[in-house]
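Chains: A, B, C and D, in written order; residue numbering restarts at 1 for each.
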Amino acid sequence: MTNEAARTSVILIGGGRMGTLIAKTLEAEGGFEVLDTYGSRDAAQLDREAPRADVAIDFSNRAALPHALAYVRRTGAALVSGTTGYAPEELEQIRALGEACAVTWSANYSLGVAVLRRATEVVARGLGDWDCEIVETHHNQKADAPSGTAKLLLGAVDPAGSMEVVCGREGMVGPRGRREVGMHSLRGGTVAGTHEVHFFGTDEEVCLTHRATSRQIFASGAVAAARRIVGREPGFYTFDQLMFGE
Amino acid sequence: MTNEAARTSVILIGGGRMGTLIAKTLEAEGGFEVLDTYGSRDAAQLDREAPRADVAIDFSNRAALPHALAYVRRTGAALVSGTTGYAPEELEQIRALGEACAVTWSANYSLGVAVLRRATEVVARGLGDWDCEIVETHHNQKADAPSGTAKLLLGAVDPAGSMEVVCGREGMVGPRGRREVGMHSLRGGTVAGTHEVHFFGTDEEVCLTHRATSRQIFASGAVAAARRIVGREPGFYTFDQLMFGE
Amino acid sequence: MTNEAARTSVILIGGGRMGTLIAKTLEAEGGFEVLDTYGSRDAAQLDREAPRADVAIDFSNRAALPHALAYVRRTGAALVSGTTGYAPEELEQIRALGEACAVTWSANYSLGVAVLRRATEVVARGLGDWDCEIVETHHNQKADAPSGTAKLLLGAVDPAGSMEVVCGREGMVGPRGRREVGMHSLRGGTVAGTHEVHFFGTDEEVCLTHRATSRQIFASGAVAAARRIVGREPGFYTFDQLMFGE
Amino acid sequence: MTNEAARTSVILIGGGRMGTLIAKTLEAEGGFEVLDTYGSRDAAQLDREAPRADVAIDFSNRAALPHALAYVRRTGAALVSGTTGYAPEELEQIRALGEACAVTWSANYSLGVAVLRRATEVVARGLGDWDCEIVETHHNQKADAPSGTAKLLLGAVDPAGSMEVVCGREGMVGPRGRREVGMHSLRGGTVAGTHEVHFFGTDEEVCLTHRATSRQIFASGAVAAARRIVGREPGFYTFDQLMFGE
């Protein structure tokens, strides 16, 4: 059904759980041709033999970054990166690559979270003087708190970063501060990830919720990003911009 | 604290439960002077003796409409109307009055619902192919279903009105239609009003919720609308436009 | 409709917000005759002039306790107490009064919370190895955390008091402990009180929620307790026992 | 770790999605030995060659029933059945087998649902005059409504079957009936199954929720039932009885 000539060529960097899931998703959705896959440890091979592709999808690790950047710069491929754990200066290098190529990076390629973030901005602007509390729930093996996605939503509630973030209220005395945002981390079972942003006013409340039930959504989102970044002008794009335009 | 000269003058039309609540709210918030109050049955008096005011706030009934319209047209006051039960041609008359004066009408002056509507539009645009279901809960004495606010949210989900609205699935056979919106009306206890808009995708969902716990929010919203409509150019404004601008 | 002879006679101790609400509730429900009301500061008058009643309802303060206890002991009335802020030894005195009279005390006379507590015990026994997290939400003026009702529900989750209560997880490293219970306090707007008890297992979760929208429920519960304690054998009864029997 | 001699021997009837999942679960949990597996179409082989086992686990179809029943009756194995789609007289045959062997059948082997059912009974008894509404959500391919689990929970709310079940309220006029139970079926995305039982009183509400995120929970529950039924006296046991005793 898909014209061979119209298929988008891909190289995958990162052969772990997310890389495997992305490979399956590319195949299931169709319209893609995976030219090659480089495990996180084999990224140095990108420097020599890697074929030119329309887009590189990178879910690997920090160590692979120099090779991925060099590949993209040399071939002019677009870059979709979901690798995390970078230092700020490494993120800056990815961002700077946007001067030469079309680049996107996100800690969360879920379409629902991207939309929830947009909706949270709308609500926060409209209800600026309401009290806001963020609640995130993850499985009992998650090793950090609060979640990166909760921080991303906090950025939508408080773009200026001027509010006080309160992560526990045990033994508090006296009323809540006006410029507080509560952050609450529930841990239990095998929950893939639930995020709630609550806004409380006088006699009414608004709540925005996102619930993920598998990692598949992150793979699907990265593939959607790949589909949309190919053919764009050089630049650094957020996932949100790719999915919903300017 | 408020300069006498700067106070906004108001006439109230409708002396019922909402009218009384609005009078209290105007006083509590300050900056308003209520020149006179006309019960729903006394609206004819508006034709003769009513003083000129900056804004008329109308929570009365259909019968009062001709008097309210004539008053506004004659004096050039702004109009904030929350009266419901109008026929379409009556709503059209209110809208047409916007050619001469600054006018707003809404079935729901809750700030939270106005914001939720905006957020719902954002989510529906972003997740256009997800399945949507609306759930509303009200006290057990409510005499109609679905609620007006649920219909307002449906308008945000499906602005073109092209989807099929499904209000019960008992005995259904076969999968859900792609272009359905489910509408579910829970009735129980004394619930002032809860509205949920659910969007379901593959392995993730987004839900937007508004919860009201008293009628006070509707009075506060109408007073906020009055504050913002005074001094505007003639025109018909939605509550949303008044609160959040263009 | 009610036979005069069958009416339950009451004296009220405490004339504050809850006392006033209870007086209204007794009248609205019918079947009660309030013989007299003693403000928290006038409790000493109980020692002299107070008429004999079927039941004393006490929503006053610590200072009134000696007078209330003496009155009940002297007249043999039943006691329904919702006064809080007692020291442990004062609670012990109330409990000891059960040797002579029918006595109940609770920090929360909401019927829904009493039932939720029972249901929580059932779930906690059935799902003993699931992870449990308690979330409570109250208005932004509440001066302490976690709420008394959250502690009451914690008692249902962990009757032996052997689990570690965790009230904030900021900066946590590593997985959740097996014997933890999370307690999360959200504060915002005018919320009268919402309590959620979450149980998380492998690929499934159970959540029990109670939502209060006014203080009326506490008055209604105290009146229901009064109705049920009159005529009982001397003893200390929990609110739960009165409402749901052995 | 497990003594070979102490392992529970199993035969599996039904090789479909659930059968495969149960086989994996038996292996993962340990303490079981699967002697043989019979596909739904091969059930006739049970009549001849099937070895004696401690327990037969049947997730097959109607056609296999006579062979399964004969096998159990002949060998005295216990039976754990999760096959659905039976006619009432077939269910009666399974129940009658309890006279000879230890037998359990359930449409839902989720531990969470079993506990939620117990908790629902507790709440319904305590809040008998509150309004109850049940909401169930499943993926958009589910072909029937309401779900079997919603009906199971309805049985806990209304054991006498005396209430009117209302599945849609479009165009309703007038207040809710006192003896109604609302049943609402949401359909969307890939939701594995969410069930909410709401109870609404005056100014308060109680809600019990179960959320499943995979089919694994049904396999785990069936294996837990197998573990507990082996060695029991002949009789028909509910899943609830096996898990929580008398």
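To be clear about the criterion, contacts are C-beta pairs under 8 Å (C-beta built on N, C-alpha and C of every residue); 3 or more make two chains touch, one makes a residue touch a chain.
What you see is a predicted model, and the numbers here were worked out from it, not measured in a lab.
J.: Answer with same or different: of all residue numbers used at the interface between subunit A and subunit B, are over half used by both copies?
T.: same
J.: Which one of the chains is farthest from subunit A, going by Cα centres?
T.: Measuring from the centre of subunit A, the most distant chain centre belongs to C.
J.: Measuring from the mean C-alpha position of subunit A to the mean C-alpha position of subunit B, what distance in angstrom results?
T.: Subunit A and subunit B have C-alpha centres separated by 37 Å.
J.: Counting only Cα atoms for the centres, state how far subunit B is from subunit C in Å.
T.: The computed centroid separation for subunit B versus subunit C comes out at 39 Å.
J.: Listing for subunit C: what residues touch at least two other chains?
T.: Within subunit C, the residues that touch at least two other chains are 190-191, 199, 201-205, 213.
J.: Line, ring, star, complete or other: which describes how these chains touch one another?
T.: Shape = complete; every chain linked to every other.
J.: Give the list of subunit D residues in touch with subunit C in this complex.
T.: The contact residues of subunit D facing subunit C are 110-112, 114-116, 118-119, 122-123, 125-127, 199, 201-214, 216-217, 220, 243-244.
J.: Can you check the complex and tell me which residues of subunit B touch subunit D?
T.: Residues 130-133, 135, 137, 140-146, 167-176, 182-191, 198-205 of subunit B touch subunit D in their complex.
J.: Can you check the complex and tell me which residues of subunit D touch subunit A?
T.: 190-192, 213
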